[in-house]
Amino acid sequence: MIAVLIRDVQLALRAGGGFGLGLAFFLIVMALVPFSIGPDSALLSRIAPGVLWLGALLACLLSLDRILALDWEDGSLDLLATAPIPLEGLVSVKALAHWLTTALPLVLVTPVLGVLLSLPAQGYLWLVISLLVGTPALSVIGTFGAALTVGIKRGGLLLSLLVLPLYVPVLIFGADVARRGAEAQPVQVPLLLLGAITCGTVALLPFASAAVLRVNLR
Amino acid sequence: MELVVSELGVARGGVRVLEGLSFWLSAGQALIVRGPNGSGKTTLLRVLAGLQPAVAGTVSMAPDCVAYAAHADGLKVQLSVAENLMFWARLHAVHDIGPALEAFDLIDLQDRRAGALSAGQKRRLGLARLLVTARPLWVLDEPTVSLDSLAVARFAAAVEAHLRSGGMAVIATHLDLGLSAGRVLDVAQFRATRPVDGSLDEAFL
Amino acid sequence: MASIWEYANPRKFLETSDRVLPGLALLAAILLVVGLVWGFFFTPDDYRQGSTVKIIYLHVPSALIAINGWLMMLVASLIWLIRRHHVSALAARAAAPVGATMTVIALLTGAIWGQPMWGTWWAWDPRLTSFLILFLFYLGYIALWAAIEDDDTAADLTSILCLVGSVFALLSRYAVNFWNQGLHQGASLSMDKADNVANVFYVPLLVCMAGFVMLFLALVLLRTQTEIRARRMRALLARERMS
Amino acid sequence: MPELGKYAAAVLTSYAVSLLLLAGLAAFSLWRARRVRAALRKVEDRARRHG
Amino acid sequence: MIAVLIRDVQLALRAGGGFGLGLAFFLIVMALVPFSIGPDSALLSRIAPGVLWLGALLACLLSLDRILALDWEDGSLDLLATAPIPLEGLVSVKALAHWLTTALPLVLVTPVLGVLLSLPAQGYLWLVISLLVGTPALSVIGTFGAALTVGIKRGGLLLSLLVLPLYVPVLIFGADVARRGAEAQPVQVPLLLLGAITCGTVALLPFASAAVLRVNLR
Amino acid sequence: MELVVSELGVARGGVRVLEGLSFWLSAGQALIVRGPNGSGKTTLLRVLAGLQPAVAGTVSMAPDCVAYAAHADGLKVQLSVAENLMFWARLHAVHDIGPALEAFDLIDLQDRRAGALSAGQKRRLGLARLLVTARPLWVLDEPTVSLDSLAVARFAAAVEAHLRSGGMAVIATHLDLGLSAGRVLDVAQFRATRPVDGSLDEAFL
């Protein structure tokens, strides 16, 4: 199980492995926002927390199809399924590896982008906290979507379609925490709810993912 | 330790391809599966490996005794030969990849990226994986494709060593493997006559 | 009376539904015509909303079906997962486009209604928003069915998606509620009960709702039949292929 | 025709759009039902002839 | 050449072919915007033109890796390269097929999404026009990016990274036309520039794409 | 019409693998390329097909006279067998796919989705493509992998018919193809001794 985690992280770090690409995508999309909205910094600072959350979510989303599809294509997934680890464990480890290599760097880089979008000073702390609490749910839900679409060629877009509505609650609470933080309002309630969603998905969704994967390998 | 398959029926894409297939393999024996294209060899092997369920009959061996190798070798092109092998070894709690590298003449290539191997070299690496799984039953689908004659001989030697140590092997192929032992099973005779599987039969026909 | 599971046999289902369908379709047509004509031509205008109140005869029934259609799919998916009756999975598949269409109708009529009433086509009101999310779930469900070839695999995967999706749909409903308290009417059919005109709107609305339910049932039965036949055709072609 | 007042456009478009969608769905379902039924009959006949 | 166009469109329309998925992605991302920004419709209507342009661009972007990578993976691209059509023609036709199956539906659906984001009434016309003029450039530039990254496994993210900076000018002028349209200001200048960019890329970039593809096939 | 290859050098991954390779093939002749794994057969064939440049020497034939078939068959899994073939036929301005279907016994499978074929059936479809390209030189990389003996015989018949009608073929393989004609070229003897190609040589050594 740890071997799988190590391998996945190692693969992500190798050339062509995709580490940093999610990050770069995030950076560029955030850089494009002022070009499309216009350079008005009062406007930008109002939408900054929301846009940063949305951008992080999209960057996560785009890297989802690397979680399982690569292993499927080269036949590793068949071999992993016959290896002596339970599938539930496998999907959990894969979600963890995705979080470590994709979501965590995003969280760490958000403050920099906050500057680009004139995020108010008091907003940084809660933005980072909300992302830290919320992104594990994104990885786990994403793994479920990846397991659903694993055998479908270039299923990336379908994967997005399936996963995005599932992301809605996380996005609502996460962006709400960030927005309230930026406006110096209390954040307890949405933060608690966000935490609850994360705990719930992390605890339960791997079973659904494993079930789905089993069907797909059949 | 033995493999007993009785009255097995297997289906692909909702169509039953083989039925009534029974055989028996004890420790140290190998079975060569033959049959024309599309006769269901690949499907049979996937069932034995536990990757898809049988539609009838039983297989006596649990899937976690089976090491499976198919057309796709499960190699990561970014990792080196040794790293690829090491991963599978760790997963199966085996510590030494030396013998596997040696058996398939991969020692010179061990630091090469797996993506920079030729077709036959990739295949050799895929086969070396079997040696680090430490599982008694090998289920192999056309293992010697793209191998040159030297490599085929090395493969035969590896299989025979595995059999001598009490292992078993089920190998589907169209080619001559150079194995001295090994019964042959032609699956063409088990071609299914009832076309779809039981439940569908009643439901939709 | 025989067990309801008998109808899980496709042949039996086809026979029975063939017998039921014409009557059901006729009933749906009569109820819809009566309800809509009554609602459109023979009800007075509301004192506040003017003639736009007539939109209610389309808006509320379609919203009702949109939600309950998903519920029906959920139940059918569960039956497939637990008892593995093919007809059940195929019924869920057949219902999805119907539910999606109903969702679109509810959204469109609501939007058209919103323009005169709220002065905007669309507002991010919880009820409206959760409907949009429901629509997205329908889309994903239909797309997944379309993308997978093997019928049983597709049935399994879409069933699990329906299950997980339902949980998340509920979650989003609460999230959205928390996020924005909106403009939309409260959820009670007795909204106008206080007014003395209540029954004038109420009775034709009930007829329309019955009509929509019947239409839904008829369409789902018909489409389920089609799915069963298509499935049987694939099975036969597969058999042909072998011999 | 009832007097719809200044909201005539809204009411009429919503009726038109909804009825169109419903009719479209029903027509498509019927068309597909008929097509699949015919195709199945053909395959069944062929299957019967060949035993 | 027409055979290739027909095949690509046919493949896109087949089950699992990806037609409509870009559309659905666009729809969903636009629906997520209010969840992240908040439901305030005055704010939404100010950012609507820019966000719609950005969304259309992202939806285009995500479908780029289907242009060439699928053909590369199954070996068709090698065979197409040895077929009796010039590579320049091949990449042009592929860009055209991408525009027809992905960009055009996006353009047609934007007005509906404009409603969701409370786009001002006078904004619709110019939004659609700017998209009609700008999206061909997106497809052609995207094909160039696809040619650059063909041969890289799951190169989708890298592709996005390479293409996004190239999209900047198109986005700037396109979003500017849409924004000015929504604010009832004159649009001629950015529209002309946008048109010029589109003509230029359509005329010249296929040569670059073909050159790059030739290198990648080597 | 003839193929003259003289003093050819080919490189893979920046490393020269073969050099000084010359041969000569006239209409109606076939050349079987043999050599152990990793000796450079695939690389040589890609150079002949014009997919990568030679680092030295010349090939007399323009790439647009070559029909190339490698491990990947270029099949679209969503399209049917006939649709797949039809596409390539149209691209090469050939109108009739009947003979190609017949030559590889695909008539019964023509309405099947290409994704639902077995390994050998896919290969047959990939080879049938050669017949609709109407090109004189066939360059084939391990064409008979996964084929059963009947299909190998059909393949041999198709190659011989092509040769009789004035075509040429260069075929890399480890297996016996059952071709009656055909000279054999073992590439092992042309293994490169200077490791990198000329320009690099000067630059870095």
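Per-chain numbering from 1; labels A, B, C, D, E and F assigned in written order.
Quick note on the criterion: contacts are C-beta pairs under 8 Å (C-beta built on N, C-alpha and C of every residue); 3 or more make two chains touch, one makes a residue touch a chain.
As the structure is a computational prediction, the values presented were derived from the model and not from experiment.
Farthest from chain C in terms of Cα centroid separation is F.
Distance from the centre of chain A peaks at F, each centre being the average of the chain's Cα atoms. Summarising the inter-chain contacts, the pair of chains with the most C-beta pairs in contact is A-E. Taking each chain's centre as the mean of its C-alpha atoms, chain A lies 37 Å from chain B. Averaging Cα coordinates per chain places chain B and chain C 49 Å apart. Chain C and chain F have Cα centroids lying 56 Å from one another. Per-chain CA centroids place chain B at a distance of 51 Å from chain D.
Shared interface positions of chain D, i.e. residues touching 2 or more other chains, are not present. Touching of two or more other chains is recorded for residues 16, 73, 152-153, 158, 161, 164-165, 168, 172, 218 of chain A.
In chain F, 71, 77, 116 are the positions where the chain touches two or more neighbouring chains simultaneously. Those residues of chain C that touch chain B in the shared complex are 9-10, 84, 86, 149-152, 228, 231-232, 234-236, 238-239, 241-243.
Those residues of chain B whose C-beta lies close enough to touch chain F in the complex are 13, 35-38, 42, 71, 116-121, 124, 142, 145-151, 174-175. The part of chain D that touches chain C in the complex is made up of residues 1-8, 10-11, 13-15, 17-18, 21-22, 25-26, 29-30, 32-33, 36-37, 39-40, 43-44, 46-47, 50.
Note for the complex: chain F touches chain E at residues 49-53, 63-64, 66-68, 70-79, 87-88, 90-93, 129.
Those residues of chain A that touch chain C in the shared complex are 144, 148-149, 151-152, 155, 158, 161-162, 164-166, 168-169, 172-173, 176, 189-190, 193, 197, 205, 208, 211-212, 215-216, 218.
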